[in-house]
Amino acid sequence: MINKVFHTAAEAVADVFNGATVMISGFGEAGSPVELIHALVDRGARNLTIVSNNAGSGHVGLAALIENRQVSKIICSFPRTLISVVFPELYRSGGIELELVPQGTLAERIRAGGAGIPAFYTRTSVGTPLAEGKEEREFGNQHFVMEKAIQADFALVKCQTADRYGNLVYNKTARNFGPVMCMAAKTTIVQAKKIVEPGEIDPECVVTPGIFVKRVVEISNPADESKLVAEERRYPWK
Amino acid sequence: MEIKDKVGWSVSEMAQNVARDIPDGSYVNLGIGMPEMVAGFIPEGREVIYHTENGLLGMGAVAFPGTEDPELVNAGKKYVTAIPGAAYFHHADSFAMIRGGHIDICVLGAYQISEEGDLANWSTGEADDIPAVGGAMDLVAGVETIFVITKHTTKTGEPKIIKDCTYPLTGKNVVSCIYTDLAIIDVKDKKLVVRKLAPGVSFEELQQQTGAVLYPNP
Amino acid sequence: MINKVFHTAAEAVADVFNGATVMISGFGEAGSPVELIHALVDRGARNLTIVSNNAGSGHVGLAALIENRQVSKIICSFPRTLISVVFPELYRSGGIELELVPQGTLAERIRAGGAGIPAFYTRTSVGTPLAEGKEEREFGNQHFVMEKAIQADFALVKCQTADRYGNLVYNKTARNFGPVMCMAAKTTIVQAKKIVEPGEIDPECVVTPGIFVKRVVEISNPADESKLVAEERRYPWK
Amino acid sequence: MEIKDKVGWSVSEMAQNVARDIPDGSYVNLGIGMPEMVAGFIPEGREVIYHTENGLLGMGAVAFPGTEDPELVNAGKKYVTAIPGAAYFHHADSFAMIRGGHIDICVLGAYQISEEGDLANWSTGEADDIPAVGGAMDLVAGVETIFVITKHTTKTGEPKIIKDCTYPLTGKNVVSCIYTDLAIIDVKDKKLVVRKLAPGVSFEELQQQTGAVLYPNP
């Protein structure tokens, strides 16, 4: 029987290795798999390359992972947020590498990684500093840059509901990068608010079919990241 | 003029000027900050659908205090709502809408705009600046009509509309129209054409506060 | 008020012009917009380029459009079916041009057309006759061909339920090419079994957001194509 | 051998041979025709998920007469069913699964297979042939493990396994294993290695009916 359910976040991330590339879903706190990230902090894998839209807030979640010096590089569209202190400090001191990618190009490069497309062309960034070093090419008298696929060893993703096959549905705008990251990682690890029986998710409404998911773990009461940030909490909890 | 001492438009009036130029039935993406105000001024009788690039078409008003859902946010990470008839989708689908030219109008803020419609709005290029681009480059590359809403000059009185941008570009030749507190300026054939002057502002005064050549509306 | 509802199929296709490129959804009969195609037969626009996975069965739907000599070229992955007579005859007599495209490449080229991607690379067809004339390129020691986006003037699509904004959901495997074709056409025209009020379609389950759709028309009892074929019916009805 | 006159495997036995090589938990795409039979022979205790490229993961059995839904079909346009836990998706998403390497095994028929694992199964290349490729090229390019199930020779007794394919290729170096009525043959390092002979078939007889050099299992 196919059963992708793991009992704890710790077990689900137990094989994330030093030097791995790890995609992390979320747009700010919406869709950020805080419990899986904290399990990765506990796991202690270092020298990670993180692919994520943002770079974390406060001292929890992705910010905690960075603060714990486990991240050597981040591929990201918007590492600056109102309450981000960890990444900016480390970046200014040269302690972390940043590859800045326009948000839509980031999403499409990840989808390409999952869809067997090694490269594609886009108008985005043409004529800007972010096009430097990229191949340019004309199609129909318009200029485009070539962008390459991004793949990862692991993806950590948060969703609303999952089943043992790994079928997923998300909640509102927390969907964001989850579906494409599930496609682009060798091992996709998902935290779901609820795990249900196969068939309980309408097959017309499945957003991520189970084929893209290796492990699901139920986290029924995920942390409210903005609350933790407001309370100035730090992970590991003190 | 009734109010003798009034010079220029208020921020609300600027938003109203933008809103007036958004046709019925448009699909619109509003940037973070001043652009978000535009939604409040759409003339009666027009229906406009708002896209927020983090994955929602049919964005509604900001959420009432107490009803906020941390998983329903806009691109500025504000808690918002969704209208009946909304749709959620993932980031690749959302930026397919943008890159594929399906959004009619995008309203953005600006650090600088050049006389040819180049836009700089993501980085000051300073050494200790943490670079962060988000969806700005995708929007200016993919959306046909880019409206910029901005104060005419910086806080220190420097012109924001200049011959060539000195900050890193978001996109080249992308701006269609600039809505400032002093004027509405169309970018036509790589020229800045003043469509309308704000109350109490003369063409000459406007030119003085602008770092590029302006043309009167022919 | 935004209201994309048209009252008849005839009105919905009234501006399809001679020489237009028209995408037609469906995988065999599943998802084929038979009533819209028949309205296009009535409309009589000629010299059309059709983008569709198949080339029609019997003498109805797409086969009727071809038989009526309105199609000069078809971009297609599988023009041969058990009960197809119209296309094979016309093709053998040189009366219609065929661009044969692998099915997944066809779907991805259409998606690219809708997503602002002028070209992408794929391994599919490398080393085969269908790679002839295409640019080849290596990424990571593997060979790929460059494939270009397909766009259209019109798309004719069948769905299950729509609302006045053009939000769509499909039925089972009738979904197939509908969603990507909606994205890639200037004017997407949809026949829905049912038109409902905005909000009746769960926003989490919308498959095609309304932004991709220009017109919807309710066809509550669409033809069962295989039945028409079995009965040897011909369109225009005799 | 108990049944003295039995030579070779039946079609059911061929399907059974393939099924035995499909591990528990595999995601499998079955081509049209003989490959479809494989689903009936998966050994007990294994759960296999079937993908059909027209947009369904979790395809179930063929629909019972009277329960057919013309909008629920497989790649061969047969009326099928869906299991609890199935998912529907559009063609671009479906072929992302294929091209992206997410399908573990694909079972296909063949016109010809070369000794290096080239496959020809979409066109005879004849002048009046209506070319039709469907998803075959996407499948062989995207799926890591391609199993071919086919009669060892054509209806007229010509070998289908040959040094070089004469028909237009579907893909180069793509076949992992060939399951015929006479043998199971692995393609290893561009060599044809006979893993198992069917009842009543000798290596020499097999070689006679094959247009390429065979190697015994070392």
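Letters A, B, C and D mark the chains in the order given here, with residues in each chain numbered from 1 onward.
Definition applied: contacts are C-beta pairs under 8 Å (C-beta built on N, C-alpha and C of every residue); 3 or more make two chains touch, one makes a residue touch a chain.
Just so it is clear, the structure is predicted and the values come from calculations on it, not from any experiment.
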Handout entry: Smallest number of contact steps required from chain B to reach chain D
Key = 2
Exercise for the section: Please give the intersection of the contact partners of chain C with those of chain D. Expected result: A
Exercise for the section: Mind checking the centre-to-centre distance between chain B and chain C? Centres are C-alpha means, answer in whole Å. Expected result: 37
Fill in the blank from the handout: When centres are defined as mean Cα positions, the distance from chain A to chain B in whole Å is 29
Exercise for the section: Please set out, as single numbers or ranges, the residues of chain D touching at least two other chains. Expected result: 82, 88-89, 95-96, 98-99, 141-142
Completion exercise
In chain A, the residues touching two or more other chains are 108, 111, 115-117, 122-123, 170-172, 204, 207
Handout entry: Contact pairs between chains, per stated definition
Key = A-B, A-C, A-D, B-C, C-D
Exercise for the section: Would you tell me which residues of chain A are touching chain C in their complex? Expected result: 108, 112, 115-123, 139-140, 142, 144, 148, 169-172, 202, 204-205, 207
Handout entry: Interfacial residue positions of chain B with respect to chain C in the complex
Key = 24-25, 27, 47, 49, 51, 57-58, 82-89, 93, 95-103, 141-142
Completion exercise
Residue positions on chain B within touch of chain A in the complex are 52-56, 69-74, 77, 82, 88-92, 94-96, 98-99, 118, 128, 130-138, 141-142, 168-172
Practice task
Enumerate the contact residues on chain A facing chain B in the complex.
Solution key: 27-31, 53, 77-81, 87-88, 91-92, 98, 100-108, 110-111, 122-130, 170-180, 207, 224-226
Problem - Touching residues (chain side chain A, partner chain D) in the complex - result: 1-2, 111, 113-117, 163-165, 167, 183, 197-199, 201, 203-204, 206, 209-212
